[in-house]
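Each of the next two complexes has chain A plus one other chain: chain B in the first, chain C in the second.
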Partner chain A sequence: MGKYLLRRLAINVLLVAIAASLAYLLAASSLNPQVNFKGRNPPVPEATIDKTLDQYNLNPKKPLLERYGTWVSGVVKGDFGQTWEGDSVNEEMGRRVGVSLRLLLIGTILGSGLGVLIGAFAAVRQYKLSDRVIGVSSFVIMAVPVFVMATMLILAATGLNNAAGSKLIEFVGEYSPGLTGWDQFANRLVHLILPTISLCLGQIAFYSRIQRNMMLDVLGQDFVRTAMAKGLRRRTALFRHALRTALIPAATYFAFAFGTLLTGATFTEKIFGWHGMGAWLVDSINQHDVNAVAAVSTFAAACVLVAGFLSDLAVAALDPRVRVS
Partner chain B sequence: MSILEVKDLTVTFPGGIEAVRGVNYSVSRGEVLGIVGESGSGKSVTSLAVMGLLPRNAVVSGSVKLHGRELLGMPEDDQIKVRGKTISMIFQDPLSAFTPVYTIGDQIAEAVRIHQKVGKDKAARRAVELLDLVGIPHPGVRAKAFPHEFSGGMRQRAMIAMAIANDPDLLICDEPTTALDVTIQAQVLEVLKTAQRETGAGIVMITHDLGVIAGMADRVLVMYAGKPVEQGPVDELYYRPRMPYTMGLLASIPRIDGEEGPLVPIEGNPPSPAALPPGCPFAPRCPMKIDACDDEEPPLTEIGGGRHVACIRSREIEHKGLTGADVFPVPVIPPNDVVRIPREQRPTVLELNDLIRHYPLMKGAVFKRRVGTVHAVDGISFDIAEGETLALVGESGCGKTTTLQQIMQLEPPQSGRIVVLGKDSGKLGKEDRKALRGDLQIVFQDPMAALDPRMPVGDIVAEPLRAHGRKNVDQRVAELLTLVGLDPSYAERYPQHFSGGQRQRIGIARALALEPKMLVLDEPVSALDVSIQAGVINLLEELKNTLGLSYLFVAHDLAVVRHLADRVAVMYLGRIAEIGTVENVYDRPAHPYTQALLSAIPLPDPEMERTRKRILLEGDLPSPADPPSGCRFRTRCPKFARLSEAERRRCVDEEPSVVRLANAVDHGAACHYAEEIEVITASDDQEEK
Partner chain C sequence: MRSKVVLRRLVKNKQTRYGLIGVLLLLILAYVGPFVAPYDWSDKDFMAFMQPPGPDHWWGTTQTGGDVFANTLRGLQKSLVIGFLVALISTGLAALVGAAAGYFGGWVDRILMWGVDLLLVLPSFLIIAILSPRLKGGTWLLFVLLLALFGWMITSRVVRSMTLSLREREYVLAARYMGIPGWRIILRHVLPNLSSLLIIDATLNVSGAIIGETSLSFFGFGVQAPDVSLGTLIADGSGPSTVISYPWLFLFPAGLLVALVLSVNLIGDGLRDALDPGSTS
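Our next item is the complex of A and B:
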């Protein structure tokens, strides 16, 4: 088993490398940092631009593969290069990774956990009113793009704040400056509410649909009947035998769902004014910042593959049939 | 004092489907009640209703009393104290009846801990004890295994262990051995008897197999269309049935000790519970039907001797001493002309010479590597003469299906030779192969899966004709449907409108479309109910005789084989253990495996079942990836166990090949110490002849 996971890990590292390289090559061949110097007054001399860009390994006049080589030799040493303004990409990333991970982790845990529970609940109450309400809402949520959802949440929060007459829910930035200690912590939590909801809803909808189907497959199985024939309560039998077994396929979807979560995070960060990796990606594409784009892509690839690895681990932990062979 | 008393039990599903319409029975301590019926007769629903495990939308009425306490309508809090404690249930399919993600030991320990206040360690120890009791080797180690690591027979043993964990007063067994091979079935039935001895419980045994009931039950209840139609002590009911349905059922079963000739079929199909006929539900299929049968449904009335019958003509049946063979019309099957020519002078239609098929055993998810070889078919030879039926029998995993696939592919085999109708499959061109396919056709096991549900029956039958560019397709389809006993107007309908037996007839019509010379029958009747099965077997026999076909018949039911086949080849782990004419192999089996196989088959005859001595095999089939050295059967061979050390040497070192037995023309066995013995006592009517 350990050998199997080690091999999976090695394959994942290889895949991250390929994904990052492709992202760099795409960014480096399509983005042009020279544009940032154009139209300045007084105009920046061509030689200065070249010199600056050469310094940051961003000059499109250099052959693509040569720039790629320089980038790779840096990345191998853990250095993702510099932004077009000369700042260290690593430092900027260090600031932003925490912001994004906070959103992503909470989004993943809440989204998958609640989604699974709601899906299982809907399956047990199949064709009852609660099941239908859950079904229709999930489809509506999945059909609404994240940025529309986020805007609607902001409108609702504004309405609520106005009605209450005070700022119950804050939704701009990560925290209000000037607070310390517990106040700051509580303030951060308040700021987390809306972005988390906007990120989670889609995940919950997605997982609830999947889990409902898996659970329905399992509910009709003989072993649930056996569990009840042993003398377990219906609820216990459903929870301990049916849900536990139905979790296995849902765990494999974990990796897929994480991809959509990353996309959702980009919009969410941008809309709620969080300075995370997603917002940075949008900004750096606008600024033709090749190294930053490549760094964010590498981060995304690593995240997806970590999710995939975790999903492998989860399946192995949940399903003895995989573990043994 | 009866443990369980069921009165006027009815179960109605949404849509007004009355699955059970008034069942009465009682079970006493230590008594075995057999409930017999075909699929859809409501026998399983009855037992689920007793357990309170029916889906919530089922409406149950009547009364179920356990030790005088009413179970129906009991709140869940009280129900769970009874379930698994006083009543336990053993389900049919042991693979799906265990939760795949917990170990067997944990699941048994869970059953212990639900009803007994014991610690985890103690429950785990009790689970190991129980596994030991049901005869699982190395119970301590096996308790930590997951359900998928157990074989079918082991799982069913574990299921029994779980059911007796809390010393129940009543065990309900729902088709406990239907999914198992015969030798394993014999083992499991032994375990059930042990379990009953240990617990002294009453048993309700639900099955469609009249042989199993004959050997186990004290009393029998026969169900038809949701109602009991006959009830009584097992001997009375088997030897003197008083209801035409029971009579037909008993007469329609092929028996391994029976004579050849047509079986007695019950015409028609069981009624759908949504559309019951007026009056007696069996009337439309009953040869003794009179006008009064349609007036009202006869109640189950007592006729003395603890017997109950629901038939208005039961007195008459008793008076005249009628049996199934007297009442039900026995079809006349025209004789086979080809057989008059001696076998040696007939052309050979199929010849297999040392056929080998090995599969690589792969391991690894990304980088696959070969870790072994599955010896699916490991050198088998046989031939089929024109107009002959050769049956290939053996338990699951013995290589029957692989052999069939190799023949049907018409490709060069891995090793060995396949000659179909004089043509070597290794030397066929593309055109020849297609032409040959018309002469070699197949009928599949599962008639539900073998027909495209979106295609009208006419198109299904016409497909091979169109594929081979035949003309007059419609006319031929009508001919074919008539040939298999279906109305030509059925061509417009879809497979879902037909019952299992009719679907199998459609499958046969499709196989006959190109006028083949040879048919391969892959378990053609194993998915059918007993009363339907007889009709299909008769049809196959008739088609063979009228059309001059030859059959390669694959089956695990040795009783069916005895009826249909001329010669039989017994397979074990990819090799042929014994081969010969049906009379030789059945009456004088020489290979210890054949002997065990034949002795494991339950006979629908209570008296004989009680007096029979079974040769029980130990353990399960070894893995075909790692067959034992020398003789493959030696690990389970009862004879090997009796041999001296010096004699055993030969079994371990030298692989026996099929050798013709000294005093027989067509009988060979692959055993170094082959010895003919009689396993099945000839039935009375045979002795008279």
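Our next item is the complex of A and C:
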């Protein structure tokens, strides 16, 4: 088992490297940082533009592979280069990764956890009212794109704030400046409410649908009946035997759902004014900032593969057959 | 015989009925609506900026005096066309790649699946967003190709694993021993036997493509001005201060988008029940 996981890890590192290179080459060939200097008054002389861009390894006049070589030799040493304004990409990334991970972590844990529980609950109560309500609402939620969901949440929160006559829910930025200690912590939590909901709802709907189907498959099987026949309480039998078995497929879907979560985080960050990696992707593409785009892509690839790795681990932990073979 | 059974199941299915009615109504709205409306999407009414919905401008007006009703229908048309085209191309691609990988096996399989793995590592949203500056000034058909090119990977894996079992069936073996070349066996024997999966997948891909298109257009990475799509319209109408003061700019395109995706998903789900009754997901 350990050997298998090690091999997977090695393949994953290789895949991140290839994906990052691909992203860099795509970005370097389709983005043009010269645009940023166009239309300035007084106009910037061509030589100055070239000199500035050369300094940051961003000049499209240099051959693509030469730029790529410079970029790789930096990345190998852990340096992602500079933005078109000359700031260090590493520093900016260090600031932003934390913001994004906070959103993604909460989104993943709440989304998959609640989704699995709700799906299992719906399966146990198949065809009852609660099952139908869960089924229909998850179906509707899956038809609502994240950016529509986020904007509707803003509308709802504004209505609530107006009704209450005070700012109950704040939704712009990560926190309000000028607070310290517990106040700041509480303020951060308040700011988290809407982004978390907008990120989680889709995940919850997705997992609950999968989990319900898998749970229904398992509930009719002999080992669940045996578990109850040998005297386990219904709840214990359901949790220890049925839920665990039914979790395996949901765990394999985890890697897939994470990609959607990552894209969703881009919208959430952008709409709610968080300065994370997702928002940076949009901004840096608009500014033709090749090195920043490459850094965000590397981060995204690493996240997807870590999610895939975690889902392998979860399957191995849940499914004894995987551990043996 | 089978088609009759499937058709009867489809008609009996309440979900499919609602979905079909929904899509039909939206199609009529998109293509007949502009003839009924008092304003064209390119008209600018300089006497009415940011008007709320009323008898003159049914769904209100925009910052520049454009009619929201006409604009939204125009966007709906574009989103519909893009959704259907992308679904068709990407499902076709998925079928060909998956069947080739499964049928030929060996190095073909390894290379194709490796490519799939690689494309799955980078979210397609990200790749298309990076490539988007090239779209500026180009036609939206290029955008359709990009969406299709990065949307087939997951289906192709399913097709591959199903082809693996089909490959050993008697009729495929018989065809192979008769000396029929591989690509013809794929087209004549393998793909027709996967048709129910492919039909279901193509339908669900329509909604996936529409969401993908609107998401990219939302950030300006997709459909470019002067073209409009539901995504660009929603982008114009959202943003905390705009949506609170002028909600009609957001609510109409967003409502149509959700209705469209929901209807297509209903059809897809109904099709799955009718074509593939044993499946659970």
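To be clear about the criterion, the second predicted complex is superposed on the first by the 325 of 325 C-alpha atoms of A that agree within 3 Å, B and C clash if a C-alpha of one lies under 4 Å from a C-alpha of the other, contacts with A are read in each partner's own complex, and residues count from 1 in each chain.
Criterion: a contact is a pair of C-beta atoms (placed from the backbone, for glycine too) under 8 Å apart; a residue touches a chain by one contact, two chains touch by 3 or more.
The structure displayed is predicted, hence computed values, not measured ones.
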Joint occupancy of chain A by chain B and chain C, clash or fit: fit
Partner chain(s) touched by A:L243 [first = chain B, second = chain C, both, neither]: neither
Partner chain in contact with A:K230 - chain B first, chain C second, else both or neither: first
Cα-centre angle that chain B and chain C span when viewed from chain A, reported as a multiple of 10 degrees: 70
Comparison of chain B and chain C by chain A residues contacted: C
Partner chain(s) touched by A:A27 [first = chain B, second = chain C, both, neither]: second
Which of chain B and chain C A:R321 touches, first, second, both or neither: first
Partner chain(s) touched by A:D222 [first = chain B, second = chain C, both, neither]: first
Minimum distance between Cα atoms of chain B and chain C in the superposition (Å): 6
Sites on chain A touched by chain C in the complex: 15-16, 18-19, 22-23, 26-27, 30-32, 139-140, 142-148, 151-152, 154-155, 158, 171-172, 209-210, 213-214, 216-217, 256, 259, 262-263, 266-267, 270-271, 281-282, 285-286, 288, 293, 296-297, 300-301, 304-305
Touch list for chain C against partner chain A, complex: 117-118, 120-123, 125-127, 129-134, 154, 207, 211, 214-215, 218-221, 234-235, 238-240, 243-244, 247, 250, 254, 257-258, 261-262, 265, 269, 280-281
Footprint of chain B on chain A - complex, ascending: 4, 7, 11, 221-223, 225-234, 241, 244-245, 248, 318-321, 324
Residues on chain B engaged by chain A in the complex (per definition of touch): 51, 53, 76, 80-85, 88-89, 91, 93, 96-103, 110-111, 114-115, 146, 148-149, 159, 162, 365-366
